[in-house]
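The structure follows.
Chain lettering (A, B, C, D, E and F) follows the sequence in which the chains are written, and residue indices restart at 1 in each chain.
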Amino acid sequence: MNPSPPPPFLIEKIARAALEEDINWRDLTSSILEDVEAVGVISSKEEGVLCGIQVARAVFKILQDDCQFKPFLEDGDPLAKGSFIAEIRGKAKTLLSGERVALNFLQHLSGIATLTRRFVEKIRGTKARILATRKTIPLLRALEKYAVEVGGGYPHRFALYDGILIKNNHIALIGGIKEAVRRAKEMFPYQKIEIEARNLEELKEAIDAGADIILLDNMSVEELKEAVRIAQGKVMLEASGGVSLDNVTEIAETGVDFISIGALTHSAKAIDIHMEVRRL
Amino acid sequence: MNPSPPPPFLIEKIARAALEEDINWRDLTSSILEDVEAVGVISSKEEGVLCGIQVARAVFKILQDDCQFKPFLEDGDPLAKGSFIAEIRGKAKTLLSGERVALNFLQHLSGIATLTRRFVEKIRGTKARILATRKTIPLLRALEKYAVEVGGGYPHRFALYDGILIKNNHIALIGGIKEAVRRAKEMFPYQKIEIEARNLEELKEAIDAGADIILLDNMSVEELKEAVRIAQGKVMLEASGGVSLDNVTEIAETGVDFISIGALTHSAKAIDIHMEVRRL
Amino acid sequence: MNPSPPPPFLIEKIARAALEEDINWRDLTSSILEDVEAVGVISSKEEGVLCGIQVARAVFKILQDDCQFKPFLEDGDPLAKGSFIAEIRGKAKTLLSGERVALNFLQHLSGIATLTRRFVEKIRGTKARILATRKTIPLLRALEKYAVEVGGGYPHRFALYDGILIKNNHIALIGGIKEAVRRAKEMFPYQKIEIEARNLEELKEAIDAGADIILLDNMSVEELKEAVRIAQGKVMLEASGGVSLDNVTEIAETGVDFISIGALTHSAKAIDIHMEVRRL
Amino acid sequence: MNPSPPPPFLIEKIARAALEEDINWRDLTSSILEDVEAVGVISSKEEGVLCGIQVARAVFKILQDDCQFKPFLEDGDPLAKGSFIAEIRGKAKTLLSGERVALNFLQHLSGIATLTRRFVEKIRGTKARILATRKTIPLLRALEKYAVEVGGGYPHRFALYDGILIKNNHIALIGGIKEAVRRAKEMFPYQKIEIEARNLEELKEAIDAGADIILLDNMSVEELKEAVRIAQGKVMLEASGGVSLDNVTEIAETGVDFISIGALTHSAKAIDIHMEVRRL
Amino acid sequence: MNPSPPPPFLIEKIARAALEEDINWRDLTSSILEDVEAVGVISSKEEGVLCGIQVARAVFKILQDDCQFKPFLEDGDPLAKGSFIAEIRGKAKTLLSGERVALNFLQHLSGIATLTRRFVEKIRGTKARILATRKTIPLLRALEKYAVEVGGGYPHRFALYDGILIKNNHIALIGGIKEAVRRAKEMFPYQKIEIEARNLEELKEAIDAGADIILLDNMSVEELKEAVRIAQGKVMLEASGGVSLDNVTEIAETGVDFISIGALTHSAKAIDIHMEVRRL
Amino acid sequence: MNPSPPPPFLIEKIARAALEEDINWRDLTSSILEDVEAVGVISSKEEGVLCGIQVARAVFKILQDDCQFKPFLEDGDPLAKGSFIAEIRGKAKTLLSGERVALNFLQHLSGIATLTRRFVEKIRGTKARILATRKTIPLLRALEKYAVEVGGGYPHRFALYDGILIKNNHIALIGGIKEAVRRAKEMFPYQKIEIEARNLEELKEAIDAGADIILLDNMSVEELKEAVRIAQGKVMLEASGGVSLDNVTEIAETGVDFISIGALTHSAKAIDIHMEVRRL
């Protein structure tokens, strides 16, 4: 099944905020244009995975509700150098005023989807899943988590309010893994409890405490293998820290359930996408 | 002079929005903590240039207005592996609930400042200036442009409403460089007019038309040199397109005034910054 | 551990919106007051459980940041007829302009906490937990879920974005319990999957499909007992529908894990709380 | 004449806020549905008076602007057990994502309209009118006051900014009824002045002072009768405090003009309304 | 008694919006200043009545919460050429970034208060009161109505939601004055009903219908005198239309209760107020 | 070319805010109308220049999206006494609830456009241009600057973020014109630098410092002539202060490039525009 984009009211809200940021009261340069009809074609200048088509559509519709936005591709489709992504017909001013905002979304989100898919392809055949983290660009998390899904990854918990992840800082303050898990299970019986383990001792302690998922922080491939052996499928394991395209296959082959990668959202390179406009 | 951060009301608004995104009604995991006082130390795990200290401060102050935020470094200061950035004292819940949001800002903005400084260092000794573009992450432009300044670059026009930049798409619709510049000068006599030129012919045309700044799009180093010769200082020249750390020195040495680089804001790698928390 | 109220930025936002609703540009009647200092005492006119003290505080602080708000009780404390709840010192206009808004929050939230505690007391000694639902008053869910916690219940999933609950409508559209659970487990491996069962056949099907929690909709006490027997502790069971103070003990004694009650939030009677003001 | 609902921009704003509260970035459970067309039927499970149909419509339109919302009943229509209220056709995800929010509004507002109508029916044949108060659920006052009108009551002043009601707390601070009324008449000559009286002496004082409406707080039926005799139609009288379905008829028969009841809005039980969805 | 300014949360909201309008992400020119302490003195360049001191204070406090704002005058105080209004001490950037926004509020609101006071002085000794209308500058009504009060006038109804004023357009649609008043009295028994009359016949009809206040639209002084004779104090009369400083005395002397003047808010000339800044 | 109005999302946002200000939850008076179709005709009662037609349209569309708004004139068209401006067909309530808000925008903006055009006509034949300033009504700057353009003027810099204007206060703090210009040119090489000069000495200093535009503050016509002679076309000159319809021609004839006038936006008299409504 295809991942669902955020609901339309959220996409519209974000697109509107981005237009306010870039246009505010006036696109000065477009003021010099006459009021002619034009067509704009968005295309890719490099390979990748498309993401953000609904946001791009919203951008132009907010500027001119009767403009025509015709997508040639859908989110998740592969991009080749030169792929046509969408065509927009409307007033010349609409196209030029919306161009940069629409492209900024497409470039950023496609960048995330593309990087995610590279990781996903590297672990094909293993049971591991690629997870996003909360290391997202502030204010864009909904779209970025969606871009990870479009690339074939999983969003993991969205925020502090929808999942329990007990980290070292929590454990240190509470005084131990056992007590931390006990409290979390008591307070949130209807949720899976995830906890961080820095070594195999802590892993065992966490399993004994009754955690559902264990975050293995910065472990070596050898340690991960041993962790999988210890866990025996009784808990789910998430490898985290220092994951790259070079070592992700090896990590996945250890048998862990999840591999979480902050770089998917905080350091993905934008895909080069541009738009050509001509008079109709 | 040091660049000024965005005004406090804007920083607070952005920090608040990011906290709403991440916490909304509850930080579930921190609910298991008792109400103890703690101290958190933010430090860097890699080299770079710090940016975002005011935003980090705002994040913790919004969560607890009487917490103490003590910065050890200022925006623009170099980061070494292990550099202490700031210390926060307050309720354990405050520290843990604000950690990720604060770090997300610091990591992203320091990433931009760091990349910018690398470019700036490469052109030291030339008269060229590094410029940001409008290829920013939607909703974060104010902070990102500021991060470019912190790194030693210049923000260039902020948005469509504060500068004239006539691009190929505009020229094509209007029917020529001469007419485009004429209109812009007529409508915006108190602003400098910048226009794009794809080749040396267009450069000459733009100079004759009376443009103030000319964007040289994707020209080779040889072409740039020739452009500088043609311009004779009568207009300012901005090189753009395909700029990397490898070729920026060469480009700067052609004698152009500006080098604009989209990657500063859309593709900078985050700097790894983290926070340790312990009971007081 | 005491439940944590929503974060201060959310409480302030809600209190501010309520003040805008009630005062907007002017409290006409208070315009006739001179500018004198006064003291207001908030007290209860009936028995119950207090909830909302942070919101009441925020209301008066927004109107006058240097007014003094001194609580005599905390959220969760029992209220007797005549219990003093808080004292506020400030300008007479502050007290009278904020009175109704502060009381509306206190009355509504204390009503929910009080009703919840009545249910909780009825099931003391069983392992069952009282859960809130999403049947909340629109726009007040964060505070209402918190009020349920203050009364001794559990918030359950907050919204559509933080928990999986597959209802009959979903099952009918997908074509069966098995397929519905399969899809949910595939998409959300790090979350517990809850699904509705209308009878014991469906319960068995849901257990076989691998659900984590099963919502038993409108079952009789006899059916619930049988359900507990069938489940054998392999899944968690949530009884729902038609729960009242009269039958909740009996339901809890069947051995179910959770009892969810929409009336906690949509039909709790307000607690009568009022405020007296006099000149200082 | 039928009461008018709040203007469409306000209904949309409230519906949008409620959807943001419940969905935010994703309806997780509906993610498992395929993209099929479906029909949802909203019906009542108990007797009452319908209110909220415009809000329910707005909820689904915000999620999918081309969905079809067909109401079978209008606000103010009686509900029987099983009454069909409305039918919605659209994407299955639209129906399931909007269901709870739409029902929460319908249940709450119909609860208020229903309770109001019960009071209104009890006083049929008298000249008294049932009034709402400002004891509303924070943030929902516009809809709740409207629901009271739908039930046959009157909204009374909406907020602190649109009516003068001098309460005991004001009188105490000013030093007397006479001076309080004098000031109010001086400042607000184009508005009716209402003032509270705790006993018949104060009533006489208020009449002499020139008040237009007098709030009789918590008076016995005997006192109310005497008050009506004293007032001789020169002022309007509002009975308030301790009004129930049991005593409202008796109170109305004393001849008072208004009976105000906080419970209409702060303690009305929700009407049980639900929705069935099936594939088209 | 002095008129009360709008509540602090509204003043802050408006001041913040105005700063966002003028500064947004950066005050470019102030960027060239060093970080020095300075003092600014606000003074008047012409005669008038001061209004807006709370808003000016809010502007500077939002920019720098620890700046010192010391008012020399209060709202309502007379301004002479050269009067010192307030002194602000803080960072030079704070003073220069806030200057224009603060002055814009002061100039506009003092302009309204000044014009109002001129009208008020012209009718001294009569029983008439000067009223504002709803002909205000969009988004600034709360402050403008307050400025009218500061000048000695009365705000009249604030908006469509807090007063009944049946105009010709309403009467034409309903089919007559009598029916219009009947409906309004039925729906809004606790409010005074005002209705427009274009001539003395309509005035009589409106009195018979039971209106409380009658708006006499564009009547000559002779007609107004006759209207006062007809009304005999049974209703209040509001003269409206074509009122100027030249004819207002004559109008007031006819004995009408109110004179409403749109120009107070839509056409008042700004008072020239400026600010000098120097290094401390 | 015609000036472009602000983008539709901004117009809608402002219109919506104005409707919230005036209607909020209910237009009380229109509640007494039946639900009939009507037509409203907006016309002018005096001469002027029309501005605001898009905002008026937005107002009625927000209230009823299928109402018909048919403009007879466009922004910039001359208004005679009696000119028909637009016709709206829709529900009677829509027309009456939107009337005042729509007229307030039209009256205010047409007032600005009309005053601007008067100034523009006075300088016809000279090379001078009429400029708006930042002395605008808070929150309405985008519309007001546009109204100036509609009248034939130029908006000048919009706000603190889109243009450099170094005023006396800045110069005093920095210590001199030369240093101030140097800093500004260094920080904002891609923008024109404007600086204030109070006398001819300062003008020369500013020219030498390399400023692009010089604001001549409150100079006499003789001084302005001398300034033009000194400048010799090397810089642009802006005359400011004390400009009126009486002296603007003389000022323009000195040869200055710009004449900026605060009164255009802070003190323009509203144009009298009204609306008649009748049943269809």
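Structure notes:
In this text, a contact is a pair of C-beta atoms (placed from the backbone, for glycine too) under 8 Å apart; a residue touches a chain by one contact, two chains touch by 3 or more.
This one's a predicted model, so the numbers in the text were calculated from it and none came from an experiment.
Both chain D and chain F are touched by A, E. Number of steps on the shortest path from chain A to chain E, with steps defined by chain touch: 2.
Farthest chain from chain B (centres taken as the mean of C-alpha atoms): D. Interface of chain A with chain C: the two copies contact each other largely through the same residue positions, with over half of all numbers used appearing on both sides. Repeated interface, listed pairs B-E, A-B or A-C, reference D-F: B-E, with more than half of the contact pairs matching by residue number.
One inter-chain figure worth recording: chain C and chain E are separated by 44 Å, centre to centre, where each centre is the mean of the chain's CA atoms. In terms of their C-alpha centroids, the spacing between chain C and chain F amounts to 52 Å. Touching of two or more other chains is recorded for residues 1, 23-27, 30-32, 34, 97, 141, 158, 161-163, 183, 187, 191 of chain C. Touching pairs of chains, sorted by label, consist of A-B, A-C, A-D, A-F, B-C, B-E, B-F, C-D, C-E, D-E, D-F, E-F.
Of all residues in chain C, only 1, 3-4, 6-10, 141-142, 145-146, 158 touch chain B in the complex they form. The touching residues of chain A, when paired with chain C in their complex, are 1, 129, 131, 154, 156-158, 161-163, 183, 187, 189-192, 194, 213, 236, 257-258.
On chain A, the positions that touch chain F within their shared complex are 16, 19-20, 23-27, 30-32, 34, 62-65, 93, 97.
Put simply, chain F touches chain E in their complex at residues 14, 17-18, 21-34, 36, 38, 92, 95-97, 99-101, 103-105, 107-108, 111, 134-141, 159-167, 169-170, 172-174, 180, 183-184, 187-188, 191, 262-263, 266-270, 275-279.
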